[in-house]
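Given below, in the form of structure tokens, are the structures.
Shared chain: chain A. Partners: chain B in the first complex, chain C in the second.
Then we have the complex of A and B:
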């Protein structure tokens, strides 16, 4: 097997990208989603309710019916869609944080911890420096949050590069470390605990100037902030970095085969660190959106209750680690979570307590099916490699080579 | 349009829950359904209705009010803290007469929404109204002296421990927040009062939902010699009680009477959230609502206490009753902060 030269790789990488963006790349995730919803429908049926009515009610609850101008209550649909999109922004970014690592053959389970570090940094920056002009304050707070996430993820990258410590383990551990740092900082008597609420384990509120502008809905009642655009923009940057920059090229080369990349002159260790840091940028930015967009402060229980970083794994898997796929997968998960909220689902249609579990069932099925899909693809590839005799390098790599995580 | 939405909600409720209950209550209390038909919304915190303690109790209070006072109730559960503001404001928008928030975690959202809807009456459990931002005048805080129930539970636990050669008892809190620490402070003070030599362990799971976290903490405490585990962590705490059961130790429930979990439950430190919810609804129905202030429920008003004492603990009942009397009389003052 000869070491691939960069020119060898541009071909497969480009065709791979095409495949992702073509119908072929979208079909598998679509089937996955449909099957997940179908099985979810069977669950609904088992509870004695009508799956179609239930799904219609959930769909209306997501606010996506706002896009259909003939739908009923426009004001309610608008409020719902705002909440859906508020969920979606950080999900996109956490999805990107996981997806970018996947492309370099790394499994970033630590988006949650990186997100947490982002929220901590954002709340600190947002509640200090009160004299700054608004726009500068927002941008600075977001930058600080992204850097905090990057530094946090970079630790896992550096450990992988220097000691070979598996990033799956280290990122999981760093999730806990981030959680406990937050609990220490904002807990009673902690250094960043609110000055005016001595009995409450919460941070100070961010100042008015550090809040992201709300462009749709009531700004006092969790209207939609501009964070969704930041997230979509970040997805664009993700695509450019991954496909049009040296950094992304090196990351993908390492993802294909670390030994091959090394013999092609790519610093594999350095790529691990940089890749993880870029993942952390996305996840940290996600944290800043929630803090600067609607939460405005951080309580210790907010930190432990947040799941967005973990959901990012499912988002990346379903989105096939592509920018556009991640955006749609994030919208799906963000909408599901909003659509099954109790305030939108009439108990007569479907019991709201069950509806929330239905969301979890569907999410779980998606992850399960996507994983099965990846497993099948890798088995198929291995068979072909065996049949073709050493054709592994020539076979197109699957989009999500989970197998490449193990050294 | 809000009428339509509200109509849907109430028809759903009546078909599923309130009709049989209302039918039952007409036979027992004939005067009940004549009350003014007000709409009451309840927003749970992220613990959810299946926590078998705090939120479940609030929901029971609402259910009782539906059947006995003839009000229309609707419960909105919250999956994440992002749900608090939309949940509270949805109910306010739909012109609910009273919106009740369950729990300390919702304080901030309550402050914002109450300010936005000054015409709606709000009540919030476990939150000091004066601690809300802007101290909105349309909010009533419903507070409990949890430390008094905790004291009784701790006293009983230490008496039992002394007789069974246990040196240590422990508590698992969900988070170091006032309503949790009140319980634990009372528990520790009660235990020391019964047996000054007893050792008390305490830990926080930082979680009110995930049972495995509390279980892990409790197992650690049992490993350090704890013979009785007091859980103060809602649904998460059920894991702590499970740990006690699996290791052949005793547990103490919280908020609701959790004796039904088995004979390993020595007793429960109770907090009658259902009574508080019911009383508040009744108040609003009668046109008298103590907005802009707090109502405190304590041992004296039967708002806190201990639940069923298991067979293992019944021989201490007389001693516990005496301590309870002393607390009510004011001869024992119970601390409410954990050292």
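Then we have the complex of A and C:
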């Protein structure tokens, strides 16, 4: 997994995956999702509960019923939808962090670590510099968080570029290194542990001026903050950079074929570093949204319990590494985790602790089936190749791959 | 190796510098520990700096491995020595009561050994397995569940291993037959295992947790406590710890000394050539991946019914990834990964014991937990010789024609 030259010849795993994923459009992800929910329903059935009422209860908890104006409790639905969208923002950004790397033929498993570095930087910036004007403080804290994520991801990119170290391995290791750095910083006796709570492993609270403004719902009851716009805006930037800029062109060219990109004069190593750094920007920004938007402080438990970055992998794969797809996939997963949260799901219908695990199973199945729809895609292509008079050998990668994946 | 290096050391000044650097790094930690217990930062820092300088000199002289090792030894020695120098002497003596530390090292290493051996079998046959974490978790839950339902720890272990093998079989289908991306499939199965075990745990045991009278894997008592530190480390170990050590030898014999092992390696290095001489790549890989799941699950079973005698959600907490790190750090070799797991186990044991006994410096020990990951980063980056995986690792195989 680490040898540099052979892996370039056969194309990195992510490149192969990318080629497959370019076939099929939005239909396959939909089928994938439906099948995953179906299997999840079987699990519910196996434990003697009714899958349909369970899914209905989860759906009501997501707040998405707010979009159906005839539904019952509007205020409750609005509150739930706010929480769903609070979840969705960081998921979009972590999805983008994984998706951007995929497009360059890199597999960024490290969104979790980059997210963690972002939360650490955001909570540090947000709890210091108390004198700053509010908007400047928010922007600075977000920038610092994004840069922290970029630096962390850049390590993996630089190692790939300079020594050929496989980014799957390095990003996994960086995830856990980030986790323990966080636990060290905010643990008892740690350098950044709260000044006024010596017995609690938590950071200082961020100051009021560093909080993201709330635009829907009650400011004191965790209404929806503007982070969702930041995330959607980032998805737009992702699309522009990828499809309309030199950086994105080089990334896609390297993702398509590193040797070809090299002979076209593109610095492959440099592209790896820049691409990973851009991924880290997205993931680090995701961390800042959670800290500045609703958490306001960071406990060591938050760091070890967080799964946002790992879910980013599922989001990116389901969203087929496109900007729009990532947004919808993030909404699905954001809604799922909201709909199964303890305060939303009625235990009489279905135990929320069970439902949270059910969500994890469904997420896993989605990812597993995404890798299977790769099979469908290749079978489909082979059929076509055969119908066109071609041999049984695998069809060569479609030459339109570079352009055709855009949303 | 050491003889060759020693003779080289006489010839090349760079190699001498490298070895001197390693020595200085080790000394930096040694002086701060009992019985010397030097309480001066200066000595530790000077020794660490010497190690770094010697390492740099060795690197410039072209000794990549030795230089890197010296720099690493310097950093580690200075860091650990500095930490030790700032802890109370009494606490330190208790924490570094070597027998207890050695015992804890083995206990921390045991699950990692099983899982890393599982990873070795799978990756030597050419299938990347980052679902070790999930397979361990399956083993941990189903061993506890099986032991509880059958009342027998033997059956519990078997049921746990079956569950791990079942998850591995899914990985095999997707990675080998479907030829889907092995990293994606592994990631997916980690999620599935986390959700599935959590779901069943909540469904079966709910808020009460696993029962207190869960059958346990017995401890093996040896009359060795009078034999000093080594005897103290092994006199009271769990049966599975011994099994894990035996497995290291068994896997080594299998992989490097049997026909089947040779075939497995050939499938992992060059599947086309293996197929040409009549070895079934598919069958070999299926068996290897499924065995890998059973082995990793055995590590999980140690966690639940061998070590803490209960199951909690996500109780592996990243150990599968440490095992992956140990596999890479040990360069896909049984004794290499044994050394790596012992090193990682030692750092965990130290991290666990230091804070209990040294008020004031609890938190520095936390950083030791990051050590396996940082060392593996260093290893894959090739600072101390590069870890090179089996050639066809992670490449799906497709028959021609």
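Definition applied: the second predicted complex is superposed on the first by the 350 of 407 C-alpha atoms of A that agree within 3 Å, B and C clash if a C-alpha of one lies under 4 Å from a C-alpha of the other, contacts with A are read in each partner's own complex, and residues count from 1 in each chain.
Assume contacts are C-beta pairs under 8 Å (C-beta built on N, C-alpha and C of every residue); 3 or more make two chains touch, one makes a residue touch a chain.
In this text the structure is predicted, and so the values were computed from the model without any measurement.
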item: Chain C versus chain B on the shared chain A, clash or fit after superposition; value: clash
item: First, second, both or neither for A:297, with chain B first and chain C second; value: first
item: Touched partner set for A:188, first chain B, second chain C, both or neither; value: both
item: Partner chain(s) touched by A:346 [first = chain B, second = chain C, both, neither]; value: first
item: First (chain B), second (chain C), both or neither touched by A:43; value: second
item: Of chain C and chain B, partner touching more chain A residues; value: C
item: Partner chain(s) touched by A:78 [first = chain B, second = chain C, both, neither]; value: neither
item: Which superposed partner A:107 touches (first chain B, second chain C, both, neither); value: second
item: First, second, both or neither for A:357, with chain B first and chain C second; value: second
item: Partner chain in contact with A:200 - chain B first, chain C second, else both or neither; value: first
item: Which of chain B and chain C A:237 touches, first, second, both or neither; value: neither
item: Of the stretches 131-139, 311-319 or 329-337 belonging to chain C, the one that collides with chain B; value: 311-319
item: Residues of chain A contacting chain B in one complex and chain C in the other; value: 179, 183, 187-188, 304, 353, 356
item: List of chain A residues in touch with chain B within their complex; value: 73, 75-76, 79, 83, 86-87, 179, 183, 187-188, 197, 199-202, 218, 220-222, 294-295, 297, 299-302, 304-307, 337, 341-343, 346-349, 352-353, 356
item: Residues of chain B defined as touching chain A within the complex; value: 1, 5, 8-9, 11-13, 15-16, 46, 48-50, 75-83, 85-87, 89-91, 105, 107-108, 112-113, 115-116, 131, 175-178, 206-209
item: Chain A residues within the chain C interface of the complex; value: 1-3, 6, 10, 13-14, 16-17, 43, 47, 107, 109, 155, 159, 162-163, 165-166, 168-170, 172-174, 176-177, 179-181, 183-184, 187-190, 304, 310, 313-314, 317, 351, 353-354, 356-368, 370-372, 374-375, 378, 392, 394
item: Of chain C, residues touching chain A in the complex; value: 128, 130, 170, 174, 178-185, 187-196, 198-199, 202-203, 313, 317-318, 321-322, 324-325, 328, 360-364, 366-367, 369-370, 373-374, 376-377, 380-382, 386-389, 391, 393-395, 398, 401
